[in-house]
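Alright, structures below, take your time with them.
You will see two complexes here that share chain A, one where it goes with chain B and one where it goes with chain C.
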Partner chain A sequence: MPILPRLRDPADRIYYTLVVAIGGALMIYFALVPVLGLNVAFHFYLMLWITMASAFNVSSGFSGYLPFGYVAFYGVGAFTTAILVKKAAFPVFLALPFSGVAGLVLALLFAPTLRLSGIYFGIVSLALAGICRLVITNMPEEITGGSFGLQLGSRAHPVQAFYVMMAVMVAALAVILWLSRSRLGKALRATRDDAEAAEMMGINVPRVRLYGWLVAAFFPALCGGVEAWYTNVVDTETAFNTLTTAKTVIYAVAGGLGTITGPIIGSVVMVWLDELIWRQFPLLNLLILGLATIALVLFLPRGIVGTILRRKPQWRRYVP
Partner chain B sequence: MSAAIETRGLTKRFGGLVALDSVGLQAASGETLGIIGVNGAGKTTLMNCICGLYRPDGGDVFIAGERVTGQPPHVVAHKGIGRTFQVPRVFRKMSLIDNLLVPVLDRRASSDAELTERAEEMLARMQLIGLRHNYAEELSGGQQKLLEMARMLMPDPPIVMLDEPFAGVHPVLCKFMIERIEEMSGAGKAVLLISHDLTSIYRLSSRVVALNQGKIIAEGGVADIRGNPAVIEAYLGA
Partner chain C sequence: MDQLILNGIVNGLIVGGVYALIGVSLTLLYGVLRVVNFAHGEFVIAGSFLAYVLFSHLGLPPLLALPIAAIAFFAAGWGLYYVLIPRLSRSDDPELMSFLMFYGVSIAAAAGMLLVFEADSRSIDYTFTPISVPIGPIYVSTARLVALAIAVAISGALAMFLFLTLPGKALRAAIMNPEAIQIMGVDIVRLSAFAFALASALAGVTGVLVALVFPAFNAFSGPDYTIIAFIVVVLGGLGNPVGALLAGVIFGLAEQLATVFLPQSLAQIVGFAILVATIFLRPTGILGSSARK
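What follows is the complex of A and B.
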């Protein structure tokens, strides 16, 4: 079996050339950040948001779900790593995979809500995230550190954490790239467009939705774990902050749902804009970011990539 | 030999309304069974019960002699049944090629390239090949009906159900569709053809079932149905 599909279609050749070019450029750039002495923190969070927005795109852009409580996966992932490292003396590298597993377990617990659609799904998801936060807040202080949170102590290693975040991002993008062209991806999109019709065409809709949901849950949970390691502290206030969901949604939508480049470009533009605004107007930063978001939704409702592809439908086949 | 498709005593209620009242019918391979009836007679409900979208309140559905009543739609689909919809239900934000691939995604034995090739053949036959990379939502209503037919035929199902294929379709396109439907029965498929338009049904069907208020009021060859007083009254009285 060849690793790459036979590229009999010239459009496929352009597509994969773009994938390799964009992916390669991203990887080289990020890999060089600590080497060249660029701002590690800024780029760490850029990669985190690219991962979050891209994984969210699997839920929203591919599957048609809007999980308003998306932060739950991130928060549970953060606490899993923190508790395992702090209380069970796990090495960080051993704890991180458990964060991903915790995200999957949580996704399975939430799976019955996949029967809901539209705004109902969104609201229930938000409520469930609130419940997760309550559960962790009310766990014994010896485990979760209570309102002070958990300090990971001397485990901090920003550059290592940076490269692990990079690995998570690359893995997420690779999985999503595969998904978007796979049969599962087609089944997901068909289900998004018309679940009943898809089911009558032989698609096992509940199963397909579950698979998409697991992918969407796994990566934010890993992000939470890596971020806990990077910042060295975890508390319920920040781990379950609604702003995390909001930013994920905004970045993904800004770039355009449904394509792979959309959430990447959206995150790059918006994180950079956020940083710029924050430096210039530290006090008004959220207000200005909110206004920028409103402008974006008003003038580019399909996001940057979505709008371009709307204008140039013939490019759809070439753009990852 | 058992019929390709058969229903026995199929009943479906919506609240107090009896949409299907003990409907029994069958169609053999290579046969086109016309199902006629005025709006609201229960034709679409019959189709929805057969393909598993609705769970009937009574009665059974058999495919090639096997009882499939109450099975989820994707299981029934894999037993060899395909359908189109009265109002087209295409996958709007997917290309025509991808629309056609949906019913065959689980065919592990066929490679993506083989399936894509077959999809292109089907699109060519429906005269949609030039639009293969467009999104389905960019097609006209009539073209969407053709796309649905192509999608339905992708897995080569032995039974097909067409719900009002000619409704709101340009006469030239109707003629084209009629030829495609003749090919389906010619290829040995059992065709269930729903229409409230009698002319096309009479042309295509070997047998006709007339539904009214969920009940079968007449059944037989085209000649019998054409002169049947109950059918005439149902149509004129409506």
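What follows is the complex of A and C.
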């Protein structure tokens, strides 16, 4: 494998040992979920959120953008798969890659927003997600199914969808691992910290930002497609629900932006908590999610992994 | 057609008055505190619910709800400031983290209102006599005209406060240069708490007007008003109160006239398009860089 360099540096050796250990544990655990008869739905969404939060991390943790309309990619991906399967009679496996492509196309359309920064970027992203939702809502009913949405009918196959979701998650994590060790990842971080200095060092700032943005857009679009297949129904209300953005952001921030493990740990902890709260107090679920977000920003703004690394900066070289 | 356009203009002015108030309170908050209140729409809707409760349980008309909302929201805003903001400044990027934190406030507030008032849309059955007033060839509901008059009065009072009184001047100074004003001996924490309280009070009062102007509201109406607030604030220039007042009216007119010419659901896109276009073409807002970049 080209990503495994000569591991002379002991820090790298620990780093990759951790990568293999964490990655292996995740893969074996998830692969066994349907076999052992564990809760498939819960773990499907856990993988979905890990993927979403990790991809979001590329945009915000590596590149420094906070897209508050992140759900746009997810929603467009969901509708792409649904329309292709339902209206163009594509097999699901052929339709899913088009969801990813739709995410990339959307990202290219939104690329001009990358020259904005801070809250301007966040607000514009939010508005663009709103436009996406309205455009799809206003498309003819024969294509998008209007307010009833699209039902995929008899194509449901939860276990297949589960393993496809797992493949998407593994692919996302592998790409992000490669990105974080690659020249591109270093260029992204340099650009995030100081765009002018990065430019002076010969980094093509707009191109680096665009590549990061494309990675961040591709995976949520795939997630949307797989989820549409899994639940068998797509409508604009759920596909473009702002809560999807909210959860993605919260889970990623809870774990800590900028590291690979951060969004994974954040998603595992928060999805598990969410499930627990949901079971105990179904009515209070949203309220607690909101309060947890506030508490997170106030008391743990760097997330779980970020806080640990701040206490122990010498671990920074070992933790993926 | 002329009648439709006249209707659009009158409704645009009325709705614009409400939008102006929503925008001016958000812009004050951003200008002084550098926080982005994503929950602003929920603050407004909470004001609508307060008016609803006062009317349906105590029989108080909406006009009496105005001062009560102002006082209650002022106090709540003052308290909320000390809970939320001082800790926020410890994070690496307070401005962006504020966006996320108020995201949480927005979710929690909407969920809270949902628990108390359930998901049904509410409206206040209060009617003025006469119910409507003729303006040329069209009839306009009295409640909406009253709301417009109140919005104009509050805007005027706010402008006088900001430009003629010492605390108002301090607020504008804090927007222009938060460092310099501290050198002049102003307690920036107290001033910020005051700004938060004032913005909350304005949001609460606006909520009462929303209940008068719009047919119904529910626990999940908040984000719609937050988006409107963002559009108005960006159009008027971030942190520019006069710009926000003007932008509110312009946006109200644009939106209402758009509903005349476009189908209802498509007309919503106009607002988003204005927002995106402003940020790209004129990021300092319609009045330019008079307040601050």
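Here, the second predicted complex is superposed on the first by the 317 of 320 C-alpha atoms of A that agree within 3 Å, B and C clash if a C-alpha of one lies under 4 Å from a C-alpha of the other, contacts with A are read in each partner's own complex, and residues count from 1 in each chain.
Here is the rule we go by: a residue touches a chain if its C-beta (ideal position, glycine included) is under 8 Å from a C-beta of that chain, and two chains touch if they have at least 3 such contacts.
Remember, it's a predicted structure, so these values are computed and weren't measured experimentally.
Asker: Spot which of chain B and chain C makes contact with more residues of chain A, would you?
Answerer: C
Asker: Output check: A:R310 vs chain B and chain C. Expected answer is one of first, second, both, neither. What do you get?
Answerer: Neither partner.
Asker: Contacts for A:P301 in the overlay, against chain B (first) and chain C (second): which applies, first, second, both or neither?
Answerer: second
Asker: With the two complexes superposed on chain A, say which partner A:M201 touches: chain B (first), chain C (second), both, or neither.
Answerer: First partner only.
Asker: With both complexes overlaid on chain A, does A:V124 touch chain B (first), chain C (second), both or neither?
Answerer: Once the two structures are laid over each other on A, A:V124 reaches chain C alone.
Asker: Look at A:G258 in the shared chain and tell me whether it touches chain B only, chain C only, both, or neither; answer first, second, both or neither.
Answerer: A:G258 sits against chain B, while chain C stays out of touch.
Asker: In the superposed arrangement, does A:H157 touch chain B (first), chain C (second), both or neither?
Answerer: neither
Asker: Of all the chain A residues, which ones make contact with chain B and with chain C?
Answerer: Chain A residues touching both partners: none found.
Asker: State the interface residues of chain A toward chain C in the complex, per the touch definition above.
Answerer: Touch residues, chain A against chain C: 66, 68, 112, 116, 118-120, 122-124, 126-128, 130-131, 134-135, 137-138, 242-243, 246, 249-250, 253, 283-287, 289-294, 296-299, 301-302.
Asker: Tell me, which parts of chain A touch chain B in their complex?
Answerer: 5-6, 8, 183, 186-187, 189-190, 192-194, 196-205, 258, 313-314, 316-317
Asker: How about chain B: which of its residues touch chain A in the complex?
Answerer: 51-53, 72-74, 76-78, 82-83, 85, 89-95, 98-99, 101-103, 105-106, 112-113, 133-135, 138, 151, 155
Asker: Where on chain C does chain A make contact in their complex?
Answerer: Contacts found on chain C: 36, 84, 87-88, 90-92, 95-97, 99-101, 103-112, 114-115, 223, 227, 230-231, 234, 263, 265-266, 268-269, 272-273, 275-276, 279-280, 283.
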